[in-house]
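In the two assemblies presented below, chain A is common to both, partnered first by chain B and then by chain C.
Our next item is the complex of A and B:
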């Protein structure tokens, strides 16, 4: 089987500091508003009245650090009319900027919000897994910068065998749609049915 | 609705109108006896020029959506899996075909021997173009668009705008010697397609999904909801034409024109609602 790079993310330990987000922007020298990695803050639950004046918190929260998952069956690549999106021999999904016409069709379709328009160039951009760093034997900037060590990168099959994987964590879609190369350790609370919501919507929205 | 989607709205509406008008011209050419009179020649000439002009305008507008239009030379390189690639192919093929048909009609001095085959090819390409337009929106990750309702809405727009504009042209060019049978065919087609539109609206296509949704669909101003019912006024104009008031004289063109305007308003509003309703599963 061909090599498939993948991310491992431990949501149960992520503090939501967004160092991964900043490290990515710094490495890629992105303009204001362009982020290949976002940290989504998820919260759910409610306060329950206990007696006349006491309230008990049933609020739960967790964070999801998300960029391109270099899917095994990338919906962006399937839909791109220009054939500008391709997978290299190591399973990394890349964009050939010369071929991209900026139609944003890939952005519509991707259920991980991984594709972003670079307004300066008019081309779509996305996480390239710091392919230059990988070639030098270094880790992607987001992984290397994470102070909690909750992000890892590695061979998909090895990460799957090493870590328990919980696919159905809000707000991720079912894995069968694009087969993301992503292994997630979820916080126990995240496995519960709750009224989960993203609470930093304005922050993660493309500027 | 995202500001960059206005160009898509106009592109789809105008492109579909053009395909619908071509189909109406084909139907007219098939059902009318060959007479080589001025009325027929004028109807076909104006109809073909409008259909060609409309797809030309739609093509220009479609480029406004692109951030890097120079790279559109690669747009046909993923026909194997991309409906957008197939759509671009079909729009180009239809535009070339209707342009060739128009040139034939303008320069062949009323010879109709090749007109029906050329119109049939253009109509087939146009209707296939509408299919590719609809299919590109029917993406698995966008449940609100991934329903037969998208396909029906696009074909309703095609036939409704095309045949209602054709009826305006028909009345204007044939008013001195009106063929009631042809007029009835156009009215029948419009009323049938309005019935399809109404029934499709009643069905209320199921857009629920078991998937996680992080960001709900966008909001739109309620005025669009109200305007999307303007087709009822258009229908009223047609009924008024079919059952004329004996005191009125020569009111046909007014009713057909008003009906077309109301249908354009309704379809425009429906398309704004369509684009505004976008949300996808996941993030």
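Our next item is the complex of A and C:
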């Protein structure tokens, strides 16, 4: 029994293939427009012209696959007017659908875009860390799906001690705000100032 | 043999093409499918033998069965395992391979988004349901529903008519890779047509025309690839125009490269795009101008030779043609490989400075990469297929083989000989093991030239790549297109192809057999609805590489009036009196059993029976690879004792065979950079200054999966353009823009990305053609812009050689 379940994500080797996103959608049977896990394509740097028509690349790129970070200090929980959001004894942040009225305050508050309105049910919805699979000793759907094997789950403190941690890379906000239970391995380039941009915005916007 | 009444008890001969079932199986089937009667073969072995008290092997969750099966075998390159949750005959969820271990030797076969989203294809509302007969103009997409009897009678009578009026060589069963699972796919129609006198044959492929033709000129074989687990022994890996993370070049190839990096290999991607593979795996991305790879490769050779980094001993022992000391008889004074590189004959030393102007890669970088490749020992230079699907694509294949040869990276662990690299030792998977028999028609054409064979077949001869006969004796008159979207969409120059096919005086009858109303199906006179892989039996053994067999038990009933390709052909065979010859009295499942037996007798001697694999819910059978085979090991150890099947018995850096063809400007004897017939350096660039490529998108397998909603959500069809090119034209992200050349126009939304070099745009291939009333394609079928012109040696498709202009709308 973990104290705080957490995701480990190796952004330095994520191809952006979105198998994690689709595996989750299939498990949850989500319609187009609702995605618990999104993959952000990030790019930065400049092209340099050399001579008439030659080009040198100063471009760097990485991907961020993210669902909910089951924060240690979840701002969504604090902002819910109905107390519908709670953390269980293993740190998983869950929504009590009976108490949820779909007001979206949690969505506005969350800096990671983890909360979504399920238009079919009228309730807010988000990654539940495959709590049912964890209970069976199975890996969450996204973790088991990844063809590059860049996702893991585990106890936060253990993941932190095993892996380098750099969860403040663009576009993530400072970890101080909500204390995400997330350990990210970043590319070296990601740690630099490179005028980073999300370049696949239409793919990650909520419908 | 007459039709037998359907019996529940197991007959000696199967009824129609269904398997007999014994009573126990029938009961289990009913439990699973809610009582419906099954026509063709059950998966019910998966339930396990309930009566013998053996441990529960099959997973169940309440009333849901969880069945392990291979992902439906389209032409993606993956051969993965899925876990289907089946409730009341419906697939409710799909998971993937989760066998414990996941080692380098025997990794899990994890599916990608195409497999994981398969329910959305399986239950797509647009699936064809009934046979359809054209009522409007050809290509209008206007059809009426007809019965199967009417449909197959019509097809049979047309085949008979064309046979009698023109001859079998007027019939084409075109290239199609929609299904490799044995029961669905082109091979079923090929088998039947071969029993009916045959059809116009064809050779090579859309995927690999140049690389499969050219590789043997250097190595005498196509089996030039080490088993992939060997990549971890490499120190330096160049992924040249190779993007396995996205197109899936064999399940796990990208995983193996990841493992190589963990062991210290440095990986460089050379590609006009910063592909998914580059993002995930490259320590360095080097953007290169499309179509100029040979310039960079030649300049690498220049650095390697002039700095004495070549493997002189290996060249001496194992190669010919490197320099004057080793030229074949009769060619002693001809331009050698190093003559070309050093410029001693043509006066142009292929320096890095020379190459820089052509390929856009800086001279400094070219030299650096050349040194690293030659000195890392050992190095891999993996050639992807995009760069050979271009004008003069043969050259880049040969150049990409010569670099490994001159650096001694052949026949060693951690090295890579290059070329098409079918897997050592046995050449890799069968792909298709369903027997098609012998084609009685001797004439064959290059696969890409079928539109020529419609227009002027009778004038085509050896110069047009006709083989087997001196001249064709027919223009094509009937096309029976099965599991293929080649007619319109995947063939080049969509508008021209459409014009040719629309003319009923040319091709008199077109039948298309598919699961969806594809652009090709829209041009049919008769459309036959096919069931999906989940609705029949199937199996496969890997894609290019692979030491696995994936099994697809039937999970569900074919809906509406769909049938498998095999069943359609069997019923057609009936009309010609060759049903028994065609089916061999085998049901679909029995064919899969037959295939397992084939595997057992060849590549997989220890594969269990189909019964056992089904009963124990294997989904697949894998062979661990702990000692990867190394291509050319014996040759390298003793080239005299183990000669290659080249004229000299050695690696041919200079090919006398190519020399003797007498076409030095297009088929040189040593690999040369040849400016493409549409290039940024030609006159055409004044009107069309941008190069266009059409990469293999994550959202599709060629044109399969287009229209699956979750995939379109994840990867919408866009034209990708660099911000510099966009800004010049006043184009913003998401704008609908016009892309055009003399062959056609596309209007589609754009995505601005810095991950493609300026001067190049990308329209992911395979999107279904959607012309508006002005003939402008609105979806982004890249072939609207591509050309029917073929490559000089392989007669291959040069579909990436395109110049275009782009405009804000």
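General remarks:
By our rule, the second predicted complex is superposed on the first by the 202 of 207 C-alpha atoms of A that agree within 3 Å, B and C clash if a C-alpha of one lies under 4 Å from a C-alpha of the other, contacts with A are read in each partner's own complex, and residues count from 1 in each chain.
The rule we apply is simple: contacts are C-beta pairs under 8 Å (C-beta built on N, C-alpha and C of every residue); 3 or more make two chains touch, one makes a residue touch a chain.
These numbers were taken from a predicted model, which means no experiment stands behind them.
When both complexes are superposed on chain A, chain B and chain C sit side by side without a clash. In the superposed model, A:88 lies in contact with neither chain B nor chain C. When both complexes are overlaid on chain A, the residue A:108 reaches chain B alone and has no touch with chain C.
For the three-chain arrangement built by superposition, the Cα-centre angle with chain A at its corner and chain B and chain C at its ends equals 130°, in steps of 10.
Judged by the touch definition given at the top, the superposed model places A:40 against chain B, while chain C stays out of reach.
Contact with chain C, but none with chain B, is seen for A:17 once the two complexes are overlaid on the shared chain.
Of all C-alpha pairs linking chain B and chain C after the chain A fit, the shortest spans 14 Å.
Contacts of chain A with chain B, set against its contacts with chain C after fitting on chain A, overlap at residues 201.
If you check the complex, the residues on chain C that touch chain A are 93-96, 98, 102, 110-113, 116-117, 119, 245-246, 252, 254-255, 258, 274, 276-277, 279-281, 285-287, 356-357, 360, 362, 680, 698, 709-716, 722, 724, 733-734, 751-755, 757-759. Considering their complex, residues 40, 66, 75, 78-84, 98-105, 108-113, 117, 119, 121-123, 170-174, 177, 196, 198, 201 of chain A touch chain B. Residue ranges of chain B in contact with chain A, taken from their complex: 4, 65-72, 74-78, 81-85, 88, 136, 139-142, 211-215, 278, 280-283. If you check the complex, the residues on chain A that touch chain C are 13-19, 21-23, 25-27, 29, 32-33, 35, 43, 45-47, 49-51, 53-57, 59, 61-63, 138-139, 141, 144-149, 199-203.
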